[in-house]
Each structure stands twice: as C-alpha cells, then as structure tokens.
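Read through the structures below before going on.
Below are two complexes that have subunit A in common, paired first with subunit B and then with subunit C.
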Partner chain A sequence: MTVTEALASGPGSSVPEAGGHAVTTQARNKGLRRAVRPALAMAPFVIYTVLGLGIPTLAVIEEAFRSDTGKLTLANVHTVMHGTYRLGFLNSILLAAITSVVPGILGVFLAYAIETSRSGVLRRLVATASGVLANFGGINLTFMFIATLGSTGVLTAWLSVAHLNPWNHGFNLYSFYGVAFVYLYFQIPLMVLVITPALGGLRPAWREAAENLGASSFRYWRTVGIPVLLPSVLGGMLLLFGSAFAAYATADTLTAGTVTLAPIQIGEVLNGNVISGEENIGYAIGLGMLIVLTITMVLYSLVRRRASRWLR
Partner chain B sequence: MALRKLKAVLLAGATTVGLVAVAIPGSAATVRHASGVNWSTVTTLTKSGPTSMAALVAAAKKEGHLNVIALPNNWANYGAIISSFSKLYHISVNSANPDGSSQDELNAIKSDAGRSDDPDVIDVGQSFAIEAANQGYLAPYRVTTWAAIPAGQKAPGADWYGDYGGYVAIGCDSKTVKVCPTSFKQMLKPGMGYKIGINNNPTESAAAFAAVWGAALASGGSLNNIKPGVDWFQKLNKAGNFVPTVAGTATVQSGATNIVIWWDYLQASEIQALPGYAKRWKVAIPTDASFAEYYDQAINKGAPDPAAARLWEEYLYSTAGQNLWLAGEARPIELPYLVANHLANAKALAALPAAPAGVTNFPTQAQSKAAKAIVAADWPTEMGSDA
Partner chain C sequence: MAALIPEIASEELLGVPRVESDPQRRRRPRIRFWRGIVLFFAGVYFLIPIYAGLRFSLQNDAGQFSLYAVRAIPSQVGFSAAFFLSLRLAAVTTVLTMVLMVPTATYVHLKLPRMRRVLDFVTILPIVIPPIVLILGVLHAAPLWLRSSPYLLSLIYVILALPFVYRSLDAGLSAIDLKTLVEASRSLGGKWVSTLLHVILPNIRAAMLSATVLTIALVLGEFTMASLDLWTTLPVWIYQFQQTDGHIATAVSMFSLIGTWVLLTVIVSVDRSQSRRSRRRTGTL
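Showing the complex of A and B:
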C-alpha cells in the first residue's frame, strides 16, 4: 500500500479483521484496544518512574524510621532536626533561596535582551550554550573556579595587577557566598532556558495596543508585562530552588564541609570513609529534603497553572 | 496486529532478562563447588593435603577471577599489586569502583550478595571492618603469616586484619614555600605564604580526619580528646593559612595549595609521582604529632570466588606482597617482622619518611566514635564560613 492509499483509506478501515468474528466481539475488541493502546504507550514511562523514583522514595521514607538494627524508631528524625543537621538544612534552604532569586532576576533580563535582539545566530547560540552550562557542575566546575578566581587564580592575578584583587576586598571563594557565587554559573543559564518560552509568549500586539492607548513603557510593564510574566518567573525561581537545594558535589569539593549542607551530610554518612553505621541518619536527612522539595514542587505546579492562563 | 507483535517483543525481552537473572547466581554456585573442598569455609591453610597452599592455588586458578573493589591504581601501589598477582597466578582481577570509599565497599557486599561480581575481598577503615564483622558479612581467615601481624591490629576471631597504613604527614612545595613547616605549630605562623589544604571534609575522608587528630595531638589533645584539633584548624583558618577546598594533585599543580596534610604514602604516590615533583615536594612527619592508621583486609563471607579471595590474602601477606606495599611508600603491617628478618626491600624502606621515635598509639573503637561525633558537630560551626 502506498502512502497516498493509506491516507485515503483512513485509519481503522485498512486491515480487515482476520476470520469471521461476530460484530459485537469486534466492537468490544476495538473498545478494549482503544483503552489499552495509550496505556501501553505510557507503560515504559510508568515502569521507569515506579522503579527509578517511586520505590527509592518509599525506601528512603521507610529507612528514615528504622534504627541501625532495623527496629522502628523516631530517633533519626529527632537527630536530624537538631544541632549540626538542623544547621545543614538551614544553610541549604538559605543557599537555595539566594541562588534562585538572584540568578532568577539576572536570567530574566538576560533572556529578555536575547529574545528582543535581532540576531538569530545569537539567540540560537545562547540557547545551546545555556543547555550545556545549566548542566555543568561538580568537581570540574569547582576546579575551574579555583583556577580562575582562587587566591592564586589567573583572573585574580590579572586583577591584582590593577590593584583590584577581590581577595583583598572581602571576597572568599571557599565560603558560603563563594559557593553561592559559583552556583550562578549554572543557575543563570537554567533560568534563561526556562523563561525564554514565556518571554516569547509576550505578544508584540499587546505592547502596540498599550502604546496606542497612550501607555508609557513603564506603564506597559507595570500593568501588562510584569503581571503576565510573574507566575512564569516565580515558577522558574522555584525550579532553580530545587536545583540548588539538591546540588552536592560543587559545594562539597569547594569547601570540604566547612559550609555544611544537607546533601553533603547525606554524603558523609552514606558514602564516606569516616562515619560508619549511621546510614539511617542519612535517610532521615533525605526524608527532610523530600519534604522541602515536595513543598517546592506543589508551589511550582500552582504557579504554573496560574501562568498557563495567559501564555498558551 | 501491531499490538500482538509488540506483546511478543515485550515477552521475549522479559524472558531474556529473566534468563540472565537466573544464570548469574547459577554460574557462581557451580564455581563454588567445583573442587572437593568448600573453600568458603576454610579458615587457614594446612601444610599438606586438600587445604594446602598448592591446593588453594589450583582451586583459585580454576575459579580464574577475583573481584576487588575501591583500590585505586596509584594508592599504596595497588596497580602493581593487582597486575603482579594476576600475572603470577593467571587470575583475572575485576577491579570495581576504584575511587570508592569504605562505606561503598560495605554497601556493595550487602547489595551485590549472590551475584558473580560481588566483591570477594575488601580493604576498609577499621570501624567499617568492625561493623561488617558485627553484621556477619565477613569470613574469618588466618593467613600463613598471621603471627607477624601485631596483636592490636587484627580481630581476635580473624574476621579482619590490618594491612598497610601510614602517618599523617606534611607535604610542602619547596619551590614556592621558602621555609617548609615540619610541625603543626609552625603551620600556624601567619605571613609565610602558607596555603594549607587537607584532602576532603574530615567527616568524609579518613586522611582528613586523621589530620584533625594529628593537630589535636600536637596541641594538647589526646586520643580521648580531639577537640583541640578542630580548634587548631580554626586558628589556621583565622591566620589565613587554610584553603578549605579539596586538596590534591590539581590544587598542588595550580598552586592553590602549596602545603597538604595527608597520609605519607599518598604524598608519595600521588604528588611526588607528578612530573618534576619527586624532589620538589618535601614530605615530613610532623615533629609534634605522630598519628598513624592502618586499613584492614577482610574476605566477604559470600565471596563468589572463595579460593581466589584466600589466595589474594596469602599473596598480600607474603614477603612479595608486603614489599609491594612498601614500594608504594605505605607501611605494611608486617614491616617490623620484615625488618627483623632482613626481608624488607632496602631501597623502598630508605625512601620512607623517618618514622617518629617511640610508640605510636592507635585509637580504640570507642575513642574513634566519640571523636567522630565531635568533629561532625564542631567542624562546620568552628570553621565559621557559614552564612
């Protein structure tokens, strides 16, 4: 059968059923097939999600409430809500908050500048670069920053020639704010990626209409642009929050535990060389992180729903 | 029809997966009972008979492979040890996750149980060896040279046994540092251009933890009291001499750290092995603290290659094996015995940084546990770079 023939005959009518089935069975089979087919198409995804996400999540929750010997206990949860583990959560939440709001705002401006530029090459270049950089992290990123902005880094050396050595002006790469600074490197491109489609939805016709009615640029942004974009921007920031909250290797290699974060503490008990027999504390920290991330995701989906009202 | 085809493919796929899943433990089981002796229950060799060294070699050769885990090639000479064992006995060594940690090793023997790639032997920090023994994962075994292992460095039930270790040492780039410090006290001096690093977070890396312990011993602490060590690092940080990143070959070459506190054998095998660093990188055991630690060997109770596992241990604790560790500038556990019997490789022995005089004490399990709790709680707060 050629393509045109197939198109002409249309779906469902091309292959006659083999054998002489009764009409009712045929109809029932068709109904069944219609129900099974989409489910079957979804099956790989569902199986993958259950195996890769569902079961591990349940295991983390269960282990969080078990002692080292397997008895049910609340001790782990109690431990991780106090002392150094509490500090880890607070640091992680603060770090994630800073590194979602700041790159969130910077990312919007950057994306807007690129979106409104006339160069198609630039737009494609930035889109590709953002896709790569948003996923760049870990020990490579750490070393890149040490080599450029560490106390003996290349950029530091150049700046000190101009008497602008940032280390002499309170900058410390190996501190909490140093980690936040390094996170900008992948957070800004991530924001550019998530916000660009929303900016594309901002129709030029709205701006023209506002201008025809005598609105200033400021007025247009205050009453049209920002209200339309805000849910998408907030949604993007929540996504950045999740990304920063769960990041591990960059902070761990940069600060060697002097900045304590929840994921680093999980690393200490689950794959370290020092602390033994406290894996369940790690699961309890994991449970805490799951709760924080669940709250973030719920907020994200609420904000998304609001955003999709305007931008279709 | 398309649906039927898809179903058939899925079914075929599922069957293949099922067959593979069945086949893996099956093949391991056949190997285990191939010879007349069940090697997984042999706890020591006999001079002759079915459990002699010759019988062990034959059985191990028949198994043909050995699974090791978390053994980096440039760590304590493991690269050479693995290849010479493999060449000598014609046994292929499957080295999994070379950069793994002790906890990774325990996770592997727990989760890989029953599989043909389950680790046969492990090399872990002492607290991990004790934990694995308590949970019943280890097979007791006494190597032929058991008596040469010092009493305090082996489990009485032979579940685990010390293998090699070293001292906390100060490595220093003599090209960029004018006066290389040789004590913890000297490292605190400001304005000397010291950029001192440790190899990781002390609650993650045993070497970094040992650095804190060395600092404690140098500043009024003891094996019962590690707190002065954390305080020492706080002072170092305030003096502007501490670089809190993960120090290693990269930070040494880039100049981000010009001094590293690390195990003496890793200073040798990692940093001095860099081109041009053999003489330039000076290694000294601090004059005001001698802290040493040994790793431990153990055989997995469910080892898929029980004979090869035992042969591996015999090889490690033979004169050849011990001298290979020594060539990696690690101190093999039987070194005093080797020296006393003139069996040690003289050249490798001379290359070791001079060991401090007197007795080096090792922390007990209870002392370790208490110290870890203190470092875990105080390191992030005292190092003070939190927001």
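Showing the complex of A and C:
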C-alpha cells in the first residue's frame, strides 16, 4: 500500500481488507497523521506571520529597488543616501545615540538606587511605574511636556520666576534637543527595566570577598562590579538605541513633523508630501531603517551572550 | 518603538524570579545619601510632567481651576466615535491574538518543544521591524477591500502584540505541569477542545489576563499606524482635537494614562497572588 492509498483511505478507515494489511494501513495512517498534525497545528501561526510580517517587510525591500512605474532601479537607494534624506538618517542616528547613552547611564544609577533600597513598596511601585512609562510615548507624552516646558508650561513659569526661563536661553521644546529631552521620559524607565535583573545578579558575596581581601569600594567597582555589568549595560543601551531610532509618534506629534528624522520622512511620504516621481523613496528609507535596526539587534544578541556568562 | 518594551515589561510584570539582596547587608551612610539624591531627582523629573498634565486638564483658558474639560469630554465632536472605534479594535485584536496564540503556544509546549526557539525568534521580529516601516509595507501589500476597513489595523496590532503575548503565555505554560494535566484529561476521555477549554485555559488565566491587558493598552495608545492608515482612533482624535481645545485633549490623554496605570497595577497584583497561591499549593504537595 502506497502513501497515496493511505491518504485516500482516510484516517477513519479501519475496515480491514485482510488481517495483515489492516495493521500496516493503520500504522501508516498513524505515521502520516503524526507528520501532518504538527504542520496543521502550526499552520495558522505560520500563515498569519507570513502574511502580516513577512510579506509587508519583503514588499518594502522590493519596492525600495523599483521606480514608480515598477522598473528595477537603484535610484531610490541613491536618493536616500544623499541630501535631505541622508540628513534624516544622520539626525536619527545622532538622536538615538544621545538618547541611549545618557538615559542608559542615568537608568543604571536609578536602578541601583532602587535595588539597594530596603523598601519593597518602593521597588514594586518603581517596577509598575517603569512598565507604564517605558510604554509611554506619542501623544500623551507630548501633551505632558507641552504642559511642563511649553512656552506657558508649569516648569517654564517656575523657572522664569527665578529669571531662568529656558526659552530665553536658547531652549526650544519643539526642536531636535527638545525631542531628545522628552525621549528620556520613556528611555530611563526602559533602562531600569532592562538592567534591574543584571543588578540583582551582582552577588553580595563578591563584594564581601573583595572587602575581605582589602579592596576599597572604588577598587571593587573597577575590578568586579563594572566588568560584570558592562555587557548588560551595553546591551541595554543597544535596546534603547533601537527604541529611539524607530520611534515616530512622539517626535511627530511634538514637532508637527518639522524635525528631520528618517521615520518622520517616511510619514511625510505616506501622507503624500513628496515630489511626484519620488513616491517610492519611502520604501528606500524603510529599507535603510531595517538595516540599521538589524545591525543593532545583531550586536545586542552578541553582547547578551557575553552578559549571560556571569549573570543568571 | 513601543513594541520593543513590552517584552521586558511583561517579564518584569510576570514576576521573573529575582535574586534578593542579602537583608543582613550593612547599610553605608554614604550610599544612603546619594541614593536619596538620585531618587529625589528622578522623582522630580518623572512627577512634574504628570502634575503639569493634570493641572492643565483641570484648568480653564483663564488658568483657573475648573472641571469643565473633564465634564465636556463625552460631548465633543467625534470623541465617542473615536473612543468606540478604539474599543472595537481592542476587542477584535484581543480575541484574534488569543485564538491564534493560545492553541499554538500550548501545542508547541506539549508536542514541539524544539519549535520554541523558532517561535521565540519570530515573535521578536515585530520589535526589530519598526511600526512605521511595517505600516508602509502593509499599505502596499494589502488588497483594496482590506485597506478600506479599519479592522486592517486590528490585524496588524495582532503582530505588534505578538512579542509580549507570546512571552506571557510561554511563562504561564512553563509554570504549570502541562503534560500531566493533558494526559489526565485525555485518559478520562476528554477531547482536545474540552481539554484546552476546561483544563489548560483555567490554569493559564493569569498569563492570559496580563497578555490581554497589555494588548488593550497597546491598541488604545497606538498612534503611528492609525494616523498613517487615516483612521481616527482615540490617540489620533486627541492629536487632532488639540487645535480645538488643548485642555480637553490633555484631559482625555491624562485619563488614558491613569487608566493604563491602574490596569497594569491590577494585573501585577493578580499575578502576584496567583503565583503565591500556586507556590503554596506545590509546597503542600
């Protein structure tokens, strides 16, 4: 009996033609079912992710190399690497670099301050607060910061009482550095979330051992603490880099799309604010963003492997 | 990149076991001093904007205290349409995500443990691919009839929710003795569907709850895709409405922040009591 016959006879057929045959049929049916069932069970997930994730991503990559009339071309990629689009990428990378290194360092100090505190309430409060704030972005954050540091904001008013109105000293909330300042609001909590488990893995026994050997606090950090933590801190900063590089909503709503960043430029293309004949530029910017983020994530996984050597 | 965060957030929310620091550890006065300073500045930085947002919501144009913005929310043009659109999208997304992911995650845990690595990888992809690039591809690839429906957003939100929904379900399934439960149910004659509904689901309730709340929070706050797909969901409405009345727009936005915070706090405490109970149960066994 061949496999096709087994298929044709179906899983329900146990009517024996002859004793020996029935056994093999059933065995084969069972074997076949065993092979088909995992495929069937995984099918919905596989189909969904291919349609919802695979095809759109491939479409972006493919369209990046096509002209508006559908011909293969490198013109889009070329355009994106020059002029205003190049500036968009450089600004995005600079923004992501600033808002990963600064909150990365601040986040470590904050996480350490919380980790060493004895209050369980404080820890739990900070854990939930970080969970919420790290997810916080876009329109809500924009409004809060306009109410705080906008030209009539609360903090602006307080500071101008002390003749320190930041707007009179070159500060503009709706600019590149304004966006960077606002990003700290979700980047610091994100760093706290990422780094807290690593700090928990810093065993007190190591510190005691160092102290028994006569090491000062500084020496302990220089030779034990920082080397152990460094891969985790770098990993956290890479995550922060990716998070800031890909963010669109906050920058767009805060500056009404006036700051030159790669994601904002994609938004402009999608909204139709583009020279005719350059509609496919958006895909090329998208491709560039995918490349930068892929590099970031590859570095992240390398650093993470190194981090897991000492921690956990 | 909003999608990046939930992975870590949910790990923290799910109470990933942590190494407790030694309670006997000596307190250094110097550390206590600088810890105070760090916490003070962090508190100032994180609380002032919240205070400012709340204050602005509770003010009228003359800058006096007033509840007019809060009272006026429901009667604003387009508010209820946007709010209910967001709620519908949240409901559809949640149901789709659960129907897709609960059987898949269960099956993989039970029969295909090798596939867990593949699933880990696939469900991390939405973190690498930013929403702005994904919507670009979706709007290009989706057929016209789908592009004209708001539920296209729900279909993509399922993808955005994958990273933390899968992680949350994965943790929930790892915490129970799935194999024994399923074998017991099957040997008592239970069919697969009833095993899933009556045996597995009740046992991963907490994981499903946290996945659901995170999904809802994601859908209610998502701005990038909704605005570029030209649907007026709640965040898009808030953004457009600020030109009409900034106080009302800010009030709505503060409400959604507080709502999310309360919901997340609730899941964390539900989760905590759940894990405490299960620990006690295994302790007595």
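Here are a few things to note about the model shown:
What we mean here is this: the second predicted complex is superposed on the first by the 250 of 312 C-alpha atoms of A that agree within 3 Å, B and C clash if a C-alpha of one lies under 4 Å from a C-alpha of the other, contacts with A are read in each partner's own complex, and residues count from 1 in each chain.
One rule holds for everything that comes next: a residue touches a chain if its C-beta (ideal position, glycine included) is under 8 Å from a C-beta of that chain, and two chains touch if they have at least 3 such contacts.
All of these numbers come straight from a predicted model, not from anything done at the bench.
By the document's definition of touching, both partners, subunit B and subunit C, reach A:Phe143. Once the two complexes are overlaid on the shared chain, A:Leu53 sits against subunit C while remaining clear of subunit B. Between subunit B and subunit C, C contacts the larger number of subunit A residues. Contacts of A:Thr253 after superposition: both subunit B and subunit C are touched. Of the two partner chains placed by the overlay, subunit B and subunit C both lie in contact with A:Asn271.
By the document's definition of touching, of the two partners only subunit C reaches A:Ala129; subunit B does not.
By the document's definition of touching, of the two partners only subunit C reaches A:Pro263; subunit B does not.
Annotation: subunit A residues 37, 139, 143, 146-147, 153, 252-253, 267, 270-271 touch subunit B in one complex and subunit C in the other.
Residues of subunit A that touch subunit C in their complex: 37-38, 41-42, 44-45, 48-49, 52-53, 55-60, 63, 109-110, 113-118, 124, 127-141, 143-148, 153-155, 184-186, 188, 190, 193-194, 196-197, 200-201, 203-204, 239, 242-249, 252-253, 263, 266-267, 270-271, 282-283, 286, 289-290, 293-294, 297.
Against subunit B, the residues of subunit A that register as touching in their complex are 15, 33, 36-37, 40, 83-84, 87-88, 91, 94-95, 139, 142-143, 146-147, 150-153, 172, 174-177, 252-260, 264, 267-277, 279.
Per the touch definition, subunit C reaches subunit A in the complex via residues 1-2, 4-6, 8-9, 12-13, 16, 18-23, 25, 31, 34-35, 38-39, 42, 45-46, 48-53, 55-56, 100-101, 103-104, 107-108, 111-112, 115, 119, 122, 125-141, 155-156, 158-159, 162, 217-218, 221, 223-224, 227-228, 235, 238-239, 242, 246, 249-250, 253-254, 256-257, 260-261, 264-265, 268.
Residues of subunit B that touch subunit A in their complex: 1, 3, 6, 100-104, 106-107, 125, 127-128, 130-131, 195, 198, 200-206, 208-209, 237, 243-246, 250-251, 254-256, 372, 376-377, 379-381, 383-387.
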